[in-house]
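Shared chain: chain A. Partners: chain B in the first complex, chain C in the second.
Now for the complex of A and B:
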């Protein structure tokens, strides 16, 4: 069953994502410790909390507007590489959704594809570089193939797990060379949380 | 493990409180506590010159005095201070860019980290919307990282100080935007650094260091964010400074010929190593460099580009020219670096 998304659904998705980031902040930071600089969890948490406040204040009327607002808020509050990358993903997805009040699964997949393309253009990472793209790309592909949000979440989870054995080619983990293998990329894990939040939001129960 | 006490009021407010302190003792600087931007107070200096190219840098906090400590006459016009070890967001960099703009355009000095590059790039796009021309000088002087398709490229480290000092002086002398950026890229091309950690650092609010070093180990090829380095080796029983000097200079020399060169030399402490030890290291580094046929034209020893309380060092060199030496010697008046002014 395809996900369908309303403004309220987008709000619930982002709310669930923020809750998941809160619950996993310490774990995300621990994942960042051996390969980065131990701050992914706390930085993303600063951003998702700001997103909830911004959505409360702006009360966006459409799912596209909600995601766009969430993305620009992440860009303005997270910093590091995660801010521009996660922010661009949501902002460009939101803009691609346009101004309709409810989008079906196909439209959401198209929107997320635009977000993925923007992330790749900005960060330059491809699948296999041990970055968040390894979780994001398979999740988007699952939705494009008509899969449910739960199936997209599973694809993201598998993609995040695949970074365990990869040598990072982008971002701070790349400085480690082979010393970086054996570690899961925290950005990819956060993407898996994002899609798990989508599945949990009930978006999969729609159309 | 035992976490040493930090001299803070609230770890969550470490950067804000530090900037408030900077403002309290440096009335010649303007400190924007909302954006965490430090800029020159031209009214105070009375040296505001329309058309002067603005010089802006920034990055994560935790590297003090870099960058805010280098704001002032002859160096930066503004610095954007991110969270500890986290690049500032585009809004902060834009605020710094606007503060530094006098109509002649602005040069961004950006240390080559993915986060810094992305946020400064977004800020440059925003500045363009406000008709401020921005040129970017990317600093990637760290020889510990192989620059290849398989990494994010070399990191920006100690060489950043050379770039900020030289470009600051050139901007004061009226160098135009494109020429200033080209000069900056030339300084980067002439600069190399290599760092060694003797102990890790702990970010405020965290309960553990970014990496663990067992007693008797040192970490070679470190960056400036408490992240692990390239290699871990045993600390020699004697001659530790000599070994660090030998390793650091060898890594640099392997990458850039030093024979017959006049060098700007920075023997930099990472924050937790006493000046006494840095002076020992400086003697050993000079011996290594002159042993390879280089001459020390100017040298600076101290904690300038740091990584919180990390113990260890970074050796940075820049192959100088008469023009670069003249710009290095030009007056500078900032919280952390001042001479001739």
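Now for the complex of A and C:
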């Protein structure tokens, strides 16, 4: 059986993501401290709280509309780089899902691929640059291969862990050069939380 | 068609200060500072940038956007990607202060967007030592 993602499912996914960001805000900020400006956790937390309020107010009728609304809200409320990057991921994914009231795992994988491509086009990072792309790309590939949301979450987690030993080539962390190694990228950790939230919501299971 | 210069900074003070500086050099061009977040923190506000760009377009102007650091580039690219195809808006690849002054001086001569962008981008090559 292949549980579909509905508008309610998308909202539960984002609700679970917001809760995870709340729980991990201090950890995300600590990860950002050696390499950035220590604001990733608190910025993303501000953004996800605004997303929940925006979804409550707009009550989007489809999963695509819910993700698009969430993305637009992140772009305008976060302030740092994670706003445009996470916002673009969700917005482009949402737009790619179209106006269907319910999407299956394969459609979600196709949508998230569009989101990943937009993030790569926006930020210019590739796998191996110690950014959120290191977690996002393997998660999308897992879904495209027919994997479950739980398998995608595991792939994202492994991808985030892989940034420990990478030299950052994008964003503020890139100013540190080799001194940035030995730190896990906080954006990649947040992507792992996003896919864990998807798995936890029970939606988006593979076909 | 005149060119409006929009200055996007993480800091409201930086955006306003650079706008003042550039405006003092060439007061006849339109310069719009967009700095900080809606709730007064350091950061970039995509909604405020969009409003500044759309106000310029609504006034029949072309718009040159200059940005300060890192994520301001991502915010500007995200906002510009949502504009209609062919909208006369350019993200200028130039240092913030020098580029802003060059853009405003060029815009004040009545030059078009392509010329404003080209002159501002020359500011990348200004040596100081």
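Everything that follows uses one rule, which is that the second predicted complex is superposed on the first by the 200 of 207 C-alpha atoms of A that agree within 3 Å, B and C clash if a C-alpha of one lies under 4 Å from a C-alpha of the other, contacts with A are read in each partner's own complex, and residues count from 1 in each chain.
By our rule, contacts are C-beta pairs under 8 Å (C-beta built on N, C-alpha and C of every residue); 3 or more make two chains touch, one makes a residue touch a chain.
Just so we're clear, the structure is a prediction, and the values are computed from it rather than from any experiment.
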item	value
Fit or clash - chain C, chain B, common chain A	clash
Residue contacts with chain A in the superposition, chain B compared against chain C	B
First (chain B), second (chain C), both or neither touched by A:159	neither
Partner chain in contact with A:147 - chain B first, chain C second, else both or neither	neither
Contacts of A:122 with chain B and chain C, given as first, second, both or neither	both
First (chain B), second (chain C), both or neither touched by A:200	neither
First (chain B), second (chain C), both or neither touched by A:85	both
Chain A positions touched by chain B in one structure and by chain C in the second	43, 75-81, 83-85, 122-123, 171-172
Footprint of chain A on chain B - complex, ascending	60, 82-91, 113-115, 118-119, 122, 144-146, 149-152, 155, 203, 205-206, 208, 210-211, 223, 225-228, 230
Chain B contact footprint on chain A (complex, rising order)	29, 33-39, 42-43, 46, 75-85, 122-123, 167, 169-172, 174-177, 179
Complex contacts: residues of chain C adjacent to chain A	10, 37-38, 41-47, 69-71, 74-75, 77-78, 81
Chain A residues touching chain C - in the complex, by the definition given at the top	43, 75-81, 83-85, 87-88, 122-123, 171-172
